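I am attaching a structure below and will ask some questions about it afterwards.
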Amino acid sequence: MFFASDNAGPAHPSVMQALVDANAGYTSGYGAEQAMADVTAQIRTAFEAPDAAVYLVATGTAANSILLATMANPWDTIFCSPMAHIHEDECNAPEFYSGAKLTLVPATNAKMTPDALRAAIANEESRGVHGPQRGPVSITQVTEKGTVHSLEELRALTAVAKEFDCPVHMDGARFTNALVSLGCTAAEMTWKSGVDAVSFGGTKNGLMGVEACVIFDPKLAWEFELRRKRGGHLFSKHRYLSAQMAAYLKDDLWLDLAAKANARTTQLATGLRQHNQAELLFEPDANMIFARYPRRDHKRLLDAGANYYVWDGDAHAGDPDEPLIARLVTDWSATPEAVDQFLTVLRDGS
Amino acid sequence: MFFASDNAGPAHPSVMQALVDANAGYTSGYGAEQAMADVTAQIRTAFEAPDAAVYLVATGTAANSILLATMANPWDTIFCSPMAHIHEDECNAPEFYSGAKLTLVPATNAKMTPDALRAAIANEESRGVHGPQRGPVSITQVTEKGTVHSLEELRALTAVAKEFDCPVHMDGARFTNALVSLGCTAAEMTWKSGVDAVSFGGTKNGLMGVEACVIFDPKLAWEFELRRKRGGHLFSKHRYLSAQMAAYLKDDLWLDLAAKANARTTQLATGLRQHNQAELLFEPDANMIFARYPRRDHKRLLDAGANYYVWDGDAHAGDPDEPLIARLVTDWSATPEAVDQFLTVLRDGS
Amino acid sequence: MFFASDNAGPAHPSVMQALVDANAGYTSGYGAEQAMADVTAQIRTAFEAPDAAVYLVATGTAANSILLATMANPWDTIFCSPMAHIHEDECNAPEFYSGAKLTLVPATNAKMTPDALRAAIANEESRGVHGPQRGPVSITQVTEKGTVHSLEELRALTAVAKEFDCPVHMDGARFTNALVSLGCTAAEMTWKSGVDAVSFGGTKNGLMGVEACVIFDPKLAWEFELRRKRGGHLFSKHRYLSAQMAAYLKDDLWLDLAAKANARTTQLATGLRQHNQAELLFEPDANMIFARYPRRDHKRLLDAGANYYVWDGDAHAGDPDEPLIARLVTDWSATPEAVDQFLTVLRDGS
Amino acid sequence: MFFASDNAGPAHPSVMQALVDANAGYTSGYGAEQAMADVTAQIRTAFEAPDAAVYLVATGTAANSILLATMANPWDTIFCSPMAHIHEDECNAPEFYSGAKLTLVPATNAKMTPDALRAAIANEESRGVHGPQRGPVSITQVTEKGTVHSLEELRALTAVAKEFDCPVHMDGARFTNALVSLGCTAAEMTWKSGVDAVSFGGTKNGLMGVEACVIFDPKLAWEFELRRKRGGHLFSKHRYLSAQMAAYLKDDLWLDLAAKANARTTQLATGLRQHNQAELLFEPDANMIFARYPRRDHKRLLDAGANYYVWDGDAHAGDPDEPLIARLVTDWSATPEAVDQFLTVLRDGS
């Protein structure tokens, strides 16, 4: 019953085996190893993007920040939702790397609306040199609330961005969970829908710590490389990053793991919906649920060993009928049994 | 015969086993896992520094840059040798993180001399607010030329720094190779000799990619944590960093690996000294040699499969008698047989 | 009928005369001239703050940005209203200088409300190291909408800031207009109300281009000096800044000029209120009005030579009955006759 | 006998009169005033550069730093002499604005030598992504030691820069003194000799505080504007900058003032050379002298009221025969009588 985060679970055994296999003899480092050339080819194939520049870093904050810095000028503002990870959870890293600031665009279900985005972008540059200039639009897919933009929603947002010549970044920390949810291709969810660069996450979906940065315009490649090095994010023993990513992409492991994680959330959501005291706050399109239920239920779950974040409300005291908001995240290693147990404990209190 | 770099070899099997062992079940991340508490305790013990703040990052550039940013103000200058890694090989990362600039202090055998350091520090602030202010002194131990500062040399430098209230940073990418070379304790080579913070390297000595930042003044701890996160260097699945470092420190593995690496360099140096065409440029105190020998010898070594960097001279053309300068680095996994083979090929040409 | 901005009018003749007087012979520069010592004494007296650090810069953006950088850490967020000049009109300068980001606090009449400020500050740091940390609160007095915080309102905001140990900055680009409006002392409007540092504007109130930075905690003085120099804002021929500020403070010129500017706005507001088609959007407490009136009136004013900004609405086309929003600013040099003329033209259309 | 600095003297009366004349009525600001259009035209004419972008700032550090930031990437290194003002006297401002670092190129008579420049540039990028990349070359004309690069010397340096596609910046804080010294045109000393952008100083030559930034490639114009605003260096009451510069350029005032300043240095140098105890350290090509003479002479000059910097040696104690090094700078307002008096006092001690 561990639903605290998809970065609290283990790496997949195939990934670990790939590390063991990679751990022999001498090899070039810094991404010049053969394994990285293989990863680049794999990702280009997966994204149907034969010219894409592909780089690996070890954290999602690094992926987002270095990509945004490559896409933005220091006098720009980056458009994102008010609950974007780059705004709330990266301790000013995107601003540090890019020099740009963030403009928060009103969102529904954690998705910026096209009208709000248009209004926000239009409003910038009305002040000429005095205000910040229009920079990239950053879309989180899966959103921080567990919803997934449909291709239509994505295209509506990127169309607005294109009206103003703003490049589009996708924070895909849970990229594959969204992909599986939509049942589309990686190309469809990115460049075919107007996305210019992606933080293609692996850490939350079975890797130890690797994120790929995929840039569809190869003219930005060298700048990215320099920014990565200048940020201290170029690994000498880079083979251990490429080995993970190669294993991830091999034989559809990435898709399988995301499908598993999503299935557990579906199972959890179905059960929660049957519980007359529980309410889902957002449509759980991928592997994350925000649910409201009474503190008494929370208390019982906790006593039974469940582990998750209370997103709102006082978990420790107060009226047992008072509802709390829980965030529940399922990773690839969550078992159907664990979900069943959670739902059973929840039901038992009714 | 792979002597290109100590970051081109594999991780030690015990380290890999520790990763495999760590890869089970759920755990807290971001350094809040129990394994990190254990690592902190291990390092405090190893350094005899019960109050030291200890953090892990994955690259040496990150370790150096975040530490220096924590120790320097943006209007300071950092004093280092002209061949310091922070100056030559980090693509402006120390400047990016700290805002400070670097002042290059004349060095002998890649070691700043106390007099040159005093002159350099004294010269700053002579211009009041107009020039940069006096910031940290950064000492690389093992130096970039393979020499090791004796404790006396270290103390002479830190004494100068203390005259001017400048904090002292040690870039210890090859910390343990130096330690083994000097036969002293980690405490003696750091805080007992006036060092305030250390980049305690692991990657070049048998880890996949982990460096510890050890700060003897715990008042700087929180700032370091914020700077690490803001730089994108805080790992969610942090257990895979702490597992490596725990294995490294267990049963003196760190010391054993460095001793092995150093022994191979001693073996290599002994052989080179016996070769009448070869000349060592610096005293190879640890696991790195700079040697000058004729291009004909280099060519023969290359043909026999040797792999190392030509530091100076044209490796590809010219008079076969013309000397080149080769950099030879031995890591923990270099074998006595590989060194012997190298020396045999070298001798065979005489 | 020039009401476009209080930085479009001339410097006061006394200020110009002071420059002429200062323009003789040799003198020390960089603020070491005697005139600056005099200015420091004048400002300390005016603010009843015998220990305050006082510095001059030439632009409001410089004053705000260097002060905020001195008060904030690079991982902080600065709290301000959504229409704050530091957010909308400084092209990322506060972020550039400080490294911090801005959090926009909901405002009424361009004034943050204490409850919204408390909620905004409380919300930060709920994420530990992951999110930005609590930094300074920046209050604009006169606000960007022409309203003035009463002392009670100021104290309510600074009390919230103090709950969380956040320092308080005042953007006083129109400081004196507010002071005259409130009829209080500079001390009452600043440190006696919990303000820690002030951008004390002169440029909008009769100077050529000088703003004083007044820091009540002298421990920050040296850092400010270094940040000013590092930003390129330390003047060699500093006497021409101190001469302006000395003239400004002499014989209550600063107060007289602000009183004149405010009186013209009162005159304008009175007339606008009598015009049945016009509506004031905010209480014009100082020297700035936002008024809504029909495009036909705007057109006629334009034709008669009036000059001001249309803040909202299309000034060039559309229904003549459609209302526009005009921003009208009166500076010290605006004449009662110009205001009368404006009101007459406006009335003539009724 | 005030020879401390050319920024310690007054502004020329014509400049002051221009300010008085500009101080009437309302006008647009931020460089949109008509006067700035006139200045741009004047400078384009003076430099025979009809497409040049021209901007004004108030300090030399701002001019240098914003120009260099516009020309350099954050991962670059800027090549300059070890005594460059941007290195020694700007408290990290060039690094702050650009993100780049500085590489010090060995110099003779404060002029980088072409061979040393070539070696320095060639050395960068030998490390690929690991080291800083090749950025602009910055040449100070007049140098910080009072020497002037001949056109041949300039062209030799810019030719080296062009070999490596490095743009060339000229720090012309004393631009006009060099121009008068060489007797060439502004075009010859800049773009016709391979210079891409110039900090065209005015403050040291009769203005209150204005430097023009002249960029020969207009494609960089908008970036410069944004960087200027983001640095807080865009003046609202910009007319007071353009008025100064317009007066400066009118009727060859700039050339006349520099000729006067240079003549006083020639007079001084001639006298010093006749003094058998004095020695000139550099060829005083413009308006600055570094001279070595005994402390007894210095003491006597001081007692007689002379004012200048002792560049090296202890001015306050020691053997009266011990030589000191004095820096003597003459500005436009220095009188022949003052120079005579200085020389007389010096001679009287012999």
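Order as written gives the chain letters A, B, C and D; numbering starts at 1 within each chain.
Everything below uses one rule, namely that a residue touches a chain if its C-beta (ideal position, glycine included) is under 8 Å from a C-beta of that chain, and two chains touch if they have at least 3 such contacts.
From a predicted model like this one, the values you see are computed outputs, not experimental measurements.
A.B. asks: Validating interface symmetry: for the copies chain A and chain D, is the fraction of residue numbers used by both over half? Same or different.
C.D. replies: Interface between chain A and chain D is built from largely the same residues.
A.B. asks: Farthest from chain A in C-alpha centre terms, which chain would that be?
C.D. replies: D
A.B. asks: Measure off the straight-line distance from the CA centroid of chain A to the CA centroid of chain B, and report it in whole Å.
C.D. replies: A distance of 35 Å separates the two centres.
A.B. asks: Rounded to the nearest whole Å, what is the centre-to-centre distance of chain A and chain D, using the mean of the C-alpha atoms as each centre?
C.D. replies: Here chain A and chain D have centroids separated by 52 Å.
A.B. asks: Approximately how many whole Å separate the CA-defined centres of chain A and chain C?
C.D. replies: Computed value for the inter-centroid distance: 42 Å.
A.B. asks: Which residues belonging to chain C are in contact with no fewer than two other chains?
C.D. replies: 74-75, 90-92, 96, 129-130, 133, 226, 229-230, 234
A.B. asks: Where on chain B is chain D touching in the complex?
C.D. replies: Residues in contact with chain D: 74-75, 77, 88-92, 95-96, 99-102, 104, 127, 129-133.
A.B. asks: In the complex of these two chains, what residues of chain B are touching chain A?
C.D. replies: Interface residues on chain B, with respect to chain A: 2, 4-5, 7-11, 13, 16, 19-20, 23-29, 57-62, 65-66, 90-93, 96-97, 203-204, 208-209, 226, 229-237, 240, 307.
A.B. asks: Considering the complex alone, what residue numbers of chain C touch chain B?
C.D. replies: Within the complex, chain C touches chain B at residues 30, 73-75, 129-130, 133, 223, 225-227, 229-230, 234.
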